[in-house]
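In what comes next, chain A is part of two complexes: it sits with chain B in the first one and with chain C in the second one.
Now for the complex of A and B:
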């Protein structure tokens, strides 16, 4: 009798979680549908959807606006939000730390340094056309590898990874500050702008790259979701239950680093999403990573898409930096949930 | 001793009642007013701005040439009882202004940004560094014992400069690049540094071309003026950064008879969407480039700004792109002392029929020959604007 009620409770909770994700996904679709109609070029609702349905080859004055600017931007917001949220949930899971985010391991500061190096000195490892993007990606991955190397030397654990991450973060932050100090004022301005984040350079190329990386890492994370759950009980318990703790942690870190680096090299360092989207989702549907991961991806997408839509319409034709808007939009919602939640959700 | 100054003071009393502070017909009336004010201040010991007895003595011996006064662009007034002999400049625009008025020999220290401009300022760039324009090295400045320091209005923060300097090292905050107050600033600094002749020669040339443009575009009604869009073409960050009202580029293009499509929407700078630019359909586009100018190896970067913009999806529908009216301007050409040449160049791009009689390249060479210390080599190899017909 008791077993049956536990099973029923589990099925009910699972159904609720799935319903939450499905409803949120539908809302995201609706939000995307609205976002694509917003912009400085005054295009009627009918014309927007007619142009989308007709395809990129449709001969209309709106085709370029819709297909070259609005759709890539909206899709990039969805992908970047999902990626950053997902990476945040994974990092918080494998490090067992609620303050962990995709940027905990110094990825953002390394990417910022790479971008600054390209902007201020014009130096880097890739061709000049994609110097900023290439440098940001490369240095983000270098930081991740350095954290791995340092942590491995002392033994892979949440503590060693966080300590190594903090060291790397401060190193690259200092290097970026140095470049800002020696850089010309207009270059420093460009660096600051890059660090605020923007979806303004979204193209079908960036969307394609982000999509490929997302669909490589997302199944991997889902495959590891049960192991992430077990890790939350502690390393020893996880090991006793047959989880290869170090392997899961390294794979999770590599995947989160890859997906974060891929996104921020195109968008700049959009903060907050990776930290807060997992918390918001966890407060609503709990800590089971099988549901937390897809849920966080959708919440991250909604946060970033919503923030970007407001950022480019609230003071139109001026576009505000999306990194600022994500905080304006997400913090009140986060505080609301935080205050309403009576029990410890973490 | 005090009795002597009291008598002097009484002699000047009648003049004080005229009360026309800092608006004088000639040097003598200004000096008379300032000296009497200084003596009064000394007798009443009014605090920091009070001149010393030595300063008053020297000013009296130099009368009627000194004292002289200047009001900087923040509205702050300064009185100099003796000639300025040692100047520290914290930016390239100040270097430009000092060169134009023939006072660059007074410069004893420069910002790092000036030291980098070896082709533009061959002599001045060799002077000692006093740090960055926004982060000056106070010790280096004080070691040079300047009588005057010139900085931008907003940089560096006074907490990083004035706060640490004695009152004998006043900081004059001037822009020396915005068209709307450039003339006033040049006239003021020329007067302070006793370089009225050079200043007058330059300002006559300056006025000639500003007046010429003003006269030739005067009859164009507002709705027939060319609509332009201006942006920062750093090419290194995201999206488009439009220049609106209050920016140097807007001032110049407006003076040349254009109407900024951002007017009414954007104050200073703002990021805008590509689709907004397409929708505005400007007839001319101006891109500001931090590269180029008095350099020989940055031409490709200047051209890239032009080519990147015209190849943006949908931009081929914009009138400016269709009619090949997309231009890149460098600050060394558009701002500061060469702004009359830039003004003529922009006006001839906007209204070619009205300025077809002016050879802008020759005019630029005339400016370079008469008002700079640059070599002929850079005249031809530098990229000051694009397209410039050099390809």
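Now for the complex of A and C:
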């Protein structure tokens, strides 16, 4: 093989990866429009885009439904899916572990505990109006700080971080179980519902907060993408190639924790997306984080938006918890790719 | 001209000393081979020179202490070829070699990066496998890819940890002669840990023997490799022949008990 054609191959692969991301982004735009049409009030796709382009309006039942209910929910699905996928890709990269997800480091179980504490005991650190949300966020960040502290003490390596994360996860899930054991049954039901995850409480406020955090962390991750790539060759090699390994790992983990906590404090613990969206993307376009990160964000968005749309309509007017739907939708696709691809994609 | 100056280097893993006060210099564009039994501190010494480990004592490159340099600055002048064996998450050979450009390039590869990577791939003759997955390759092929990555890094000092470990005799010779050529043509200062005394004696400008973290001897291979010294360092009885074509031929005969 000539070296020239090797370079052409590299450029061709780069173009393919970019095309994949762009095509998927267009599909997401289409899917979002379709998602807004779904519901008991019948709205056509053409009218959806027309109403959105016309700007916020609440002058009729029609526009109010779109602007007040369906659009925030669809946008939150897109943001939450992107955020969870992105956090998963970063975690898997910096921990060099295919089983890492935004929840590996105990973030989800800590958030669940925070929410349970608010639901069962009405106790927390923030004002009562946003007690559940505030508590969930706060405890998620406490958990990642604790993991960081423990790992720092032993030396920050993937192994120490995963071990510390598992310890923290079990601690908080035991605390949550205790609250469920002593709590009143309607509170326990609320806790379980929270832990299944739902996009039902999405408003323009939650969308705004999630958007801000997403656009702070995403550029940071993209800036670190090249360092994440070198980390895949091992800490020693990454160091010898000029990467400040501990700094990159801590920054990545802090960013992933923040973005995860921001999303799940509003939606509850939506699992699976953070674990599987990165794998699906990696199987299709490879593990170069410069493409993997934006790709995973779009794939995560599509998964969650698709899952939520089905969850809203399949047993209408009953709305299924989206956490159940993400697995139903994602697992078959994941297994298909998993069986089709050769084994060494990771 | 002295390129690498290692001064009173000491390193301990959890209070267990592995390097005890090692001092030596290496001249520009020469090959220094580190030899010594398992556990003598060769790998640790190489990692300390690249500051992957933080030793006591100093390492100077062109008179500049690497402790005062940023990681990226060090990576621009020192290349490191680790032992093979660790996996790299789903990456093509081309991408692995491109990693060597990390300290030099921005977010995207530019013309210079491509040229350096292509040169390195040609030099190591790995064109045929350039688009394959790194993890699918044999140990010998992986070794060549890792050397190519360090070459693409365009270093002034090249550190190699047992680069011939996974290679058959033909590929051992090829790899070492490429490394030797690099030191001559590109004036790269090579420091290489190696097990095979015959190859070390043949290609080294200077040989350095380590035992239990101490520098036993350093110098010209012809002066350094004697029966007595090999007995002292390795505890092995050997036969050494001076051959006009092959240079020194060192054949181990039997281990000495009680050493």
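Following the convention adopted for this analysis, the second predicted complex is superposed on the first by the 336 of 346 C-alpha atoms of A that agree within 3 Å, B and C clash if a C-alpha of one lies under 4 Å from a C-alpha of the other, contacts with A are read in each partner's own complex, and residues count from 1 in each chain.
Basically, a contact is a pair of C-beta atoms (placed from the backbone, for glycine too) under 8 Å apart; a residue touches a chain by one contact, two chains touch by 3 or more.
These figures come from a predicted structure and were not determined experimentally.
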*Given the touch rule stated above, what does A:177 touch, chain B (first), chain C (second), both, or neither?*
neither
*Thinking of the overlay built on chain A, is A:234 touched by chain B (first), by chain C (second), by both, or by neither?*
second
*Which partner does A:194 reach: the first (chain B), the second (chain C), both, or neither?*
first
*First (chain B), second (chain C), both or neither: which does A:318 touch?*
first
*Can A:287 be said to touch chain B (first), chain C (second), both, or neither?*
second
_Doubly contacted residues of chain A, that is, touched by chain B and again by chain C_ = none
*Would you pull the chain A residues touching chain C in the complex into a rising list?*
1-4, 6-7, 9-10, 93, 96, 223, 225-226, 229-230, 232-234, 236-237, 239-244, 282, 286-288, 290, 344-346
*asked:* Please output the residues of chain A touching chain B within their complex, sorted ascending.
replied: 39-42, 61, 64-65, 68-70, 118-119, 132, 181, 184-187, 189-190, 193-194, 198-201, 268, 312, 316-321
*Over in the complex, which chain B residues touch chain A? Could you list them?*
113, 132-135, 232, 234, 236-242, 262, 265-266, 270-276, 278-279, 290, 313-314, 317
_Residue numbers of chain C touching chain A in their complex, please._
47, 50-52, 71-76, 78-80, 82, 86, 88-92, 94-96, 99-100, 102-103, 107, 114, 118, 121-122, 127-128, 130-131, 133, 135-136, 153
